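These notes open a run of structures that come right after.
Across the two complexes that follow, chain A remains constant while its partner is chain B and subsequently chain C.
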Partner chain A sequence: MLGRRILQFFLIFALGLFGLMGVKYGLGLSDYVIPGPGEIITTSRAVAHDYFFDTLNTLMVAVIGQAISIFMAFFVGITARKSTWAGTLIKAAAYNIQAYPIVAVAPIIFILLGDGFTSRLLIAAMICYFPLLLSVIGIMAEPVTDMEHFYIATGRMRWQLEVKIRAFENIGKLTTVIAGSSTLAMAGTIVAEFIAANQGIGHSIRIALYQSDLSRILTALFLIGLFLSIYQEILEGVGKRLTSGWILPKGVESEDL
Partner chain B sequence: MGLTCQHLEYRYPRSEEWVFRDLSFCLDRPGFHSLFGPSGVGKTSLARVIAGEINGFSGTLDRGEINTVLYTYNQERLPGWAPIERHLDRITPEGREDLREHLIEIFGLVPVMGQTFSQLSLGQQNRINLLRYLLQDFQLMIMDESLANVDERSKETILLEIKELFPDRYFLYISHNLIEVARFCDRILLFRGIGKSPQSLTFTGLDTRKTNQPGRDALDAVLLEIMNAG
Partner chain C sequence: MKTSNRLAPILVIALTLVSLTWQTADCGETLNYRLKWLFNTSVVGDLYAQDFGFFQRAGLTVNVKAGGPERDAIRELELGHATFGVASADQVIRARAKGAPVVVIAQLFQVNPLQWIYRGVKPAINTPSDLKGRILGVTFGGNDETIMRTLMARASLTEKDVTLFSVRYDYTPFYQDRVDIWPCYRNAQGIMLADKLGQAGEAVRFFNPADHGITFVANSVVTSAKTLERNPEMVQAFAKALISGWEASLMPENRDKALAVLRKYNRDTPEELRQKQLDATRPLVLPESGARVGTIDLKGWKQTETIMLEQGLISKPVHVEKALFPGGKPL
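This part shows the complex of A and B:
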């Protein structure tokens, strides 16, 4: 059975395609501007194999970039949760840096690191990192007073316990933010490939754009959407499993654990 | 000597309104005492001042022989990632396992040990919360509505047992139930609010124990005295 995300993607893509055809036939545009359904299918068949592996390549970079940014966001978010001077400094820096469009820095990264894997990874991680960091800082800096009071009053509070309580209380928010950040990681990778890389689906889109080949671009968009939906479906599934594994369902006795 | 407060004054930062002013009282002996009064007169704020959770007050607060103060309130929660039993296991100091088992039984919590906190009723949640505090080191425990939502019979059993188990400790019981306060408490500190002078008055309650159950007339007399003063 298709997952919710994948089904939503198919519906939206189909609607978009119908809309495009509506514009083509409504305005009487030529096949050069918007190709007909026959040409789209023929081109898709021709490039599907290459684009499939290009998208896989992009997704792989996005996944690694997202993993790095999740690790970094939690590391910095946990460090910055306290109202110390270091925490305040990190929070202020994070808020200010995230206000700057990271994509604008991408050319510098390509100049310094070349157009290989590292540049794509770095840009994907940076684009994904700051929104994730703001969410993690927001969650980690907010005390769960009703739960933490006992441990503070009795001298049992440790930073690990504090982080565990805050993560536990906001597990739904955290999994949603992580699943949502996958889109940012994918977008970051594609943008990086679009700017200067020599691999990935972004690179293929750039070539198709130079050729004004909308059929190829539509095929690429279909594969990007499909791969991203599957990836988000997996992330949400893992999030649900984590949540249900952590929070005991009603009626479960300790002996059952 | 126990807890002595003289001319205590407090208002929240950036607030013009005093929570309490010129408040003086003394708890000169261990026992089960009460902070009583209508909502909003500053009972919780005073409790948190005594517990050291609020600073920035003026006046004198002398804790005397009391080194460890614990403040517990009725909205506290236990994390939901483990059953109650496992939480209690982890927070029980060494050598107090028997006390824990005894309290679990007296508090009527044996059947819920395998459940998580969110699966319990409000009364059960409050009992579990109080129980874990009673297992810790303390000389003074402030119980801020700690037995809210607990049925009368269970409440009586719990209060009488606490008084028997901890005769040498200080308790400050915050409740809005006048009968309960008059029956079980020794000293009753009546908070009358910022507009009245004196702001607080001290009464002697019936201090009911398992071995000392005063009659109805005595209770009526205490209730009348407090109600007239309030």
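This part shows the complex of A and C:
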């Protein structure tokens, strides 16, 4: 059975297509501006195989990039959670780096690292990382006074315990943010491929743009949306299991709460 | 509440349609002229015509707008965002193949400026067969890829005989000598690349596909068939003013004025390079036969269509001659 996110995606994509067709036929535009349903289907069939593997390639880079950005966000977020001099410096550095648009920095990355896997990965991680960092800092910097007070009073508080308590209390928020950040990782990878890489669906979209082929672009968008929905569905599923395994007593489902 | 939710998408579509229709109607007053690329030497005549009142004297108010990699003048014509535009022949043929009612009223470049630059120390490329074993820069999906693949086909070369290197806006791979030949506009980037390598003591050569029988028409002025049909006098007036502007901009006695225009719109290029670029533009735009600037090379257009058919970029002939209206008049 299709998951909620996948169904939602099909619905939104279909609405978008109907909207495009409405504009096309309403204004009497040619297939060059907006392709007709026949052309979209023919083109989709022709490129589906190649685009499927291109999207898979992009998704793989996005998943690894997201994993790196999660690690970075937690590392910086945990280190910078205290209002110490070092914590403030790390926070300031993390914010300042993000102030540069990745699209402007990307060409430098490509010059230094080439146009292969590493560059795509780095750009995906950079785009995905900042929103994650904000959430992690927000969560980690907020004391759970009720619980932490006990450990502080008894002299048993360690930084690992502090992090665990705060993560435990906000596990729902964290999993939602992580699932949501997958969109950014995918977008980051596509941007990187669009700018300079020679692989992935972003590269294919760029070629289609050069050839003014909107049918191909629509096919690519469909596959990107589909793959992303499936990935998010998986992430949310994992999140639910983690939540119920960590928080809920045996036999209680998260939906019951 | 539920009804308003249902109405929301309909409202969005309706508003989009209204805004697009409104933009179509609006272009009656100021004529938007969308260029293919950013302001540089390749558009000197367009800017000259605007700045020295050629359009004004023809009774037209024209807004010359810069193009760019994501701009498509033909789409803008159809959507009513522009009345005139600049597009390459492959764009026109592709659009016609998909039913876009676009017509060509002038051909700006008589020689395609798209050529390949390579280092002088490398063995000369005298025939397409000399490409064998080299690393060739191409923009995948771009018209330089089409031209290169045609050259390879003519020389019976396959992808196994060469290495195709994906080209972007960054010239580093060429500077680092990781690519043997690099596509560029002969009169714009070609001058800049030659200058940079010259500073490092390296001479360059250019490989021009036209020298090997490949005529692939470049930038041309386009408008929509509807505009031509409804207002042929306006189209003819525009074409005449534009061509006059181009001719004036390339006259040696107007060189300083043309350079002043380029200085105004393209401040980032050093003056010395601008001068070289302008001098390199002249032979690409002025027809050898002595005919007027803007002359449409019918044979070249037909060959461009043949090449696109051969490369599978269009599935059936479009009879491009039907889209050619030199100066806004039937061929």
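Keep this in mind: the second predicted complex is superposed on the first by the 247 of 257 C-alpha atoms of A that agree within 3 Å, B and C clash if a C-alpha of one lies under 4 Å from a C-alpha of the other, contacts with A are read in each partner's own complex, and residues count from 1 in each chain.
Simple rule for what comes next: contacts are C-beta pairs under 8 Å (C-beta built on N, C-alpha and C of every residue); 3 or more make two chains touch, one makes a residue touch a chain.
Since the model is a prediction, treat every value here as computed from it, not as a measurement.
> In the overlay, answer first, second, both or neither for which of chain B and chain C A:A208 touches.
In the superposition, A:A208 contacts chain C only.
> Which partner, once the models are overlaid, touches more of chain A's residues, chain C or chain B?
Result: the larger residue contact count on chain A belongs to C.
> Which partner does A:A153 contact after superposing on A: first (chain B), second (chain C), both, neither?
In the superposition, A:A153 touches chain B alone.
> Just chain B (first), just chain C (second), both, or neither: which does A:G22 touch?
second
> Return first, second, both or neither, reflecting whether A:I165 touches chain B, chain C, both chains, or no partner chain.
first
> Can you list the chain A residues touching chain C in their complex?
It comes out as residues 15, 19, 22-23, 26-27, 29-33, 35, 39, 107, 110-111, 115, 195-196, 198, 203, 206-212.
> Quick one: which bits of chain A touch chain B in the complex? Just the residue numbers, please.
146-147, 149-150, 153-154, 156, 164-165, 168, 246-248, 250-255, 257
> Residues of chain C touching chain A in their complex?
9, 12-13, 16-17, 20-21, 70, 72, 74-75, 78-79, 91, 94-95, 98-101, 139-142, 166, 168-170, 172, 313
> Which chain B residues qualify as touching chain A in the complex?
Going through chain B, the ones touching chain A are 51, 70-73, 75-83, 85-86, 91, 113-116, 119, 129, 132-133, 136.
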